[in-house]
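My questions will all concern the structure given below.
Chain nomenclature is as follows: A, B, C and D, assigned in order of appearance, with residue numbering initiated at 1 for each chain independently.
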Amino acid sequence: MTRYILRRILQALLVLLVMSFVIYSLIGLMPGDPLDIMLASNPGATPEVVEHLRKLYGLDQPLMLRYLRWLQDALVGQFGYSRTHSLPVLSVLVPALIQTCKLMIISFIASVILAFILGILAALKPGGILDGVISLFAFAGISVPVFWLALMMILVFAVKLHWFPASGIATVGDGGFRDQALHLVMPVITLALASTGGFTRYVRASMIEVLRMDHVRTARAKGAAEWRVVLVHAFRNALIPVVTIMALSFGVLFNGALLTETMFAQPGMGKMIYDAILGNDFNLALTGLLFATVVTLLSNLVADLAYGWLDPRIALT
Amino acid sequence: MSATTATAVPRTEAAIGPWRLRWRRFRRHRAGMASLVVLLLLALFCLAAIPMQHVLGMDPDATDLLARFDPPSAEHWLGTDEAGRDELIRLMVGGQMSLLVGLLATAVGGIFGLVVGVFAGYFGGRVDALLMRFTDGMIALPLLPLLIVLGAVDLTKLGFSSEFARSGAAGFWRIVIIIAIVDWTAIARLVRAATLSIKERDFVRAARASGAGPLYVMPTHILPNVATPIIVAFTLTVGRVILFESVLSFLGFGIVPPTPSWGNMLNNAQELVTTAPALAVYPGLLIFVTVIAVNFLGDGLQHAFDPRSER
Amino acid sequence: MSAPLLEVRGLRVGFPRAGGLRHVVAGIDYALSPGRTLGVVGESGCGKSMTALALMGLVPPPGRAEGSIRFDGRELIGQSAAEWRALRGNRIAMVFQEPMTALNPVMPVGAQIAEVQVLHKHLGWKEAGENAVAMLEAVGINSPRERARAYPHQLSGGMRQRAMIAMALACEPALLVADEPTTALDVTIQAQILDLMLELQDRIGMAIQFISHNLAVVSEIAHEIIVMYAGRIVERAPADALFANPRHPYTQGLIATLPDPEQRVARLPVIPGGVPDLDAGARGCRFADRCALADAGCRAAEPPAEEIAPGHFAACFKAAA
Amino acid sequence: MNELVALDGISVHFHLGGGGFLGGKPRILRAVENVSFAIGEGETLALVGESGSGKSTLGNVVAGLQPPTAGTLRFRGRTLDRATWPQARRSIQIVFQDPFGALDPRMPVSAIIAEPLRIQGIGTPAERRARTAALVEQVGLPVDALNRYPHEFSGGQRQRIAIARALAPDPALIVADEPLSALDVSIQSQVLNLMKELQERLGLSYLFISHDLAVVNHLVDRVAVLYLGRLVELAPRQLLFDRPSHPYTQALLHAVPRIGRKRARGQTIKGEMPSPLNPPPGCVFHPRCPKAQDVCRTTAPILEPAPGRAAHMSACHFKE
């Protein structure tokens, strides 16, 4: 078991290394380079000065060499300075990461609970009316463009009804728990709805599959009541594939977070990366992307461990 | 050999081929059938722009600054946008863009995933390990931020001329390609799993025992038998790709204005949402209806292809 | 013979399909006395498994069972879901063909056995768990305390079927329905399981309805045998009488086509053709198309079951002669 | 009898992961261990054993679907290797157990039967069509079966189609892997008779893999009994059924259910076959053997003639 986790962490680190190079090269392909911005504020710079700066920042070196130098610094926690914030990258990133995790975890838990309830109800009578209604809801969740949903919610609940604030994480001068919670309602609903749809479909499919199995018939043949057959015998089996997919999807939630944060002006990782890319803040964008990759890799690892923990047939070696 | 001769084959469902049977099952899936109709209507709606442009001379790019935010009228059925352009014709042309990107990116990424999946599944061992590590790496990437980075990539740095980099065609193909690059993994995994199970089936083993190599087995036995899950997966991918396109265009990294797409028509809808909410509602609603119809279609196909859903 | 424990009259199991019901069990009658073993033999699709599920009230929807099943003086057809549940696993228990899939893969074997007593005897899990260990020992599993904690995949095929039997007998039922319990097993393991079932019958005294496609297996353990064909009972007789003097042409064919491990013949006799579609021959004898003796009379009317010798019934116009 | 196929010291081991960097102890499944026998022209040899005995793996080796880990395979006197296998393939065909998985559901019957000819490039399309039509009749199916798809046929009919496919390239040997066990009793005898008839007419050899001794008795000339991947007994049919030499064969014969016999308790062999991942030392049968002595626990017996019967080979320290 320990050996398995060790091996998986090693594999993940390897993936992370490769990805850091890929992302590093891609960032380098974005328009402009670090000097452009510096020069923009200092239009009088002569070509000699530019050349000197280029050397100073190592921009005349080949990509691989620049990457290795960056890696060397990154390995000791030096991710450089954020140009747009004029702060070390980590001090911009850490609060944003915390904010995003809060949003993602609340939405994730909400959508998991909702998906289990709806998915099981739908699976009890496939093709029934309840199944139809739930399927419609689930497909709507999968199919709705997240940014548009956010827009519509702002339009209805903030602009028209004034139920919830349209943006930010707290009102200036208030910032109490109730105020913060109110600011979270719409982002959480937006983010949760998309994944709830997908999760509900998985729970439903998995439950239908399991309810067809022989051992469910055995449970009935024992004289177990229907609720017991569904919630004890079928559910535990249906959980195995579903939990794996859910854990894997935690990383995918990041996509939604980027949009949700942008739409509701929440100072999280997603918005930070988006702004960094727009503002040519290379160091911040690069580090942000890497941290997002780490979150995905971690959720993959958790998915594997959960699989081994839930399914006694799987021996993680 | 009279004693061992089997009696005549029972003729109950004899004349019906597998595809007829599936079509019959699909027709009974109400949501799937309704979605098929909706999608056909949507396609007609978008294509109707062509005669309207050529016959009626309507121009999706013609601005009229005196007629900004006009309400629906006889001339502009759905009113005009912030530059005084006709909203209806822009929705139709934008729909062509969105659907085309959806289909093309799915085809490009899907075929790539198909090839990767079949090879990984059939050959197994090292090839499989290598291809699947690669796929796992792709899956571990934060997709949307990466798409944005890819969308922001400066084509001149890759050696393309700056005219090309600014042209509409480049914008179109760029989005097709970057979506294809990131969205082939689901199909690759699915095809690999299907290939793994089919290559161990006895009819493949019988062919191999007769001396058949991979070049015979893959097209004759594997591909036709993985066709049904692939069709379903392709359908669902189209829906996802349309969503991706809309997001990227919305954020300003996709189809470049003035060429309309449903995504970029929402581009500055956020600021306008209080002044002209209708402009924010129409394109989003069309995206939503299209994608939900595609998903229900996929569900209907899955039902039709599942041998267990006899009835 | 004592009063029957189980009496089945005109049992039919139908599934809706375009243009009415399709009956996979089309009206059968039999009885089973306490402590006796009834063998049910037939090929796939003859309705033998569906008969078993009807006894358990487990005919999968949208199927329906009609007719009469009297068990221990009570009518089972039409009783409420709660009444079925009180009976299942308690007074009537079932063993299935494939022990690997019939056991819950994510629940320890001991807990699956204990659950039966928790449900019906209202014991606590702890006490029921102790009893489960004892039952595992009774069905011949070594180190039962450890096995009780094991998951099904950690047991061998034979052990899994033993655990399945322990589960079925946890409440000492009056009737055990065994649906092809040895078909998925190797011959040496099959022999062990058959021995075990006979031994437990001696100890507990339950009646067994033993369903199998294998005539030879049934012949070794059953007191009475039913031969089913296309949803009907074609012959019913005490085991010795059936093999010594089979009267229905289908039974005769089945026995003749079976290769004998002791004797080799140049050509085995065969029953030509295959099992008919249940819709096809609505009239006449269902076996007529494959029967060498069939004439116009056989195709016109369905032969009723006639008692041609004491306790020996055959549904064939040619059998009485 | 001329030797058609000969196996010499065939072993098949499967690596089930493990080993390598941080991988832990490698796990090796020994499916077949040092098996040698030969099949003559026109002969039927039965490979008998319970699940996990390695009989199907051995069948795959003979059909060229599983390269052996060790040992050699000879066909008509020539060792089969990469260079010689392609030619031998048309002469060795295989029929599988499950008639539903054995036929590609997307192909019409005509294409299924002609497949070995197409792969081997035998004949023109017209010749292949003629051959296919002839084969369909030979296995007792109506000619109009050719244009239909597998899902329109019953299990027994599918098995006939599979046999027709195996016959297409005019093979010398057919490996039949449990061809009857998925069929209904009344259909089994039909297919069994067909196989016998084809053998008489075409002079085929069969390697007949089965767990059913009663069926074996009706079809074969010699019987090889496998236990945990080892050949424990190899004898002409009559000798084996009359005087089984190995205690495992005796137990197997005794366990076969018979019509009209009442179960005699307490005579059944105890225990189950151990895992091929971890075979017992010495004679692999000793944990279940009623005759086991100390020597059995330490020393593996070799396959030798039984006392007084030169053709009757048995691997037991106390063979009868």
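Note that a residue touches a chain if its C-beta (ideal position, glycine included) is under 8 Å from a C-beta of that chain, and two chains touch if they have at least 3 such contacts.
Since the structure is predicted, the reported quantities are computational estimates derived from the model, not experimental observations.
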item	value
Touching both subunit B and subunit C (chains)	A, D
A-B against A-C, pair bridged by the larger set of C-beta contacts	A-B
CA centroid of subunit A to CA centroid of subunit C, Å	54
Whole-Å gap between the CA centroids of subunit A and subunit B	23
Subunit C and subunit D: spacing of chain centres that average the CA atoms, whole Å	32
Multi-partner residues of subunit C (at least 2 other chains)	267, 270, 272, 274
Per-residue overlap in subunit B, given as positions that touch at least 2 other chains	3-6, 10
Sites on subunit D at which at least two other chains make contact	154, 156-157, 190, 193
Subunit A contact footprint on subunit C (complex, rising order)	56, 58, 81, 84-90, 93-94, 96, 98, 101-107, 115-116, 119-120, 151, 153-154, 167
Complex contacts: residues of subunit B adjacent to subunit A	31, 133, 136-137, 139-146, 148-150, 152-154, 157-158, 239, 243, 246-247, 250-251, 263, 266, 269-270, 273-274, 277, 280-281, 283-284, 287-288, 291-292, 294-296, 299
Complex contact set, residues of subunit A against subunit C	213-215, 217-226, 233, 236-237, 240, 310-313
Subunit D partner contacts - residues on subunit B that touch it in the complex	1, 3-6, 8-10, 13-14, 17-18, 201-203, 205-212, 216, 220-221, 224-225
Interfacial residue positions of subunit C with respect to subunit D in the complex	43-44, 156-159, 186-192, 194-195, 198-199, 213-217, 219-221, 240, 243-244, 253-255, 257-262, 264-265, 267-272, 274-275
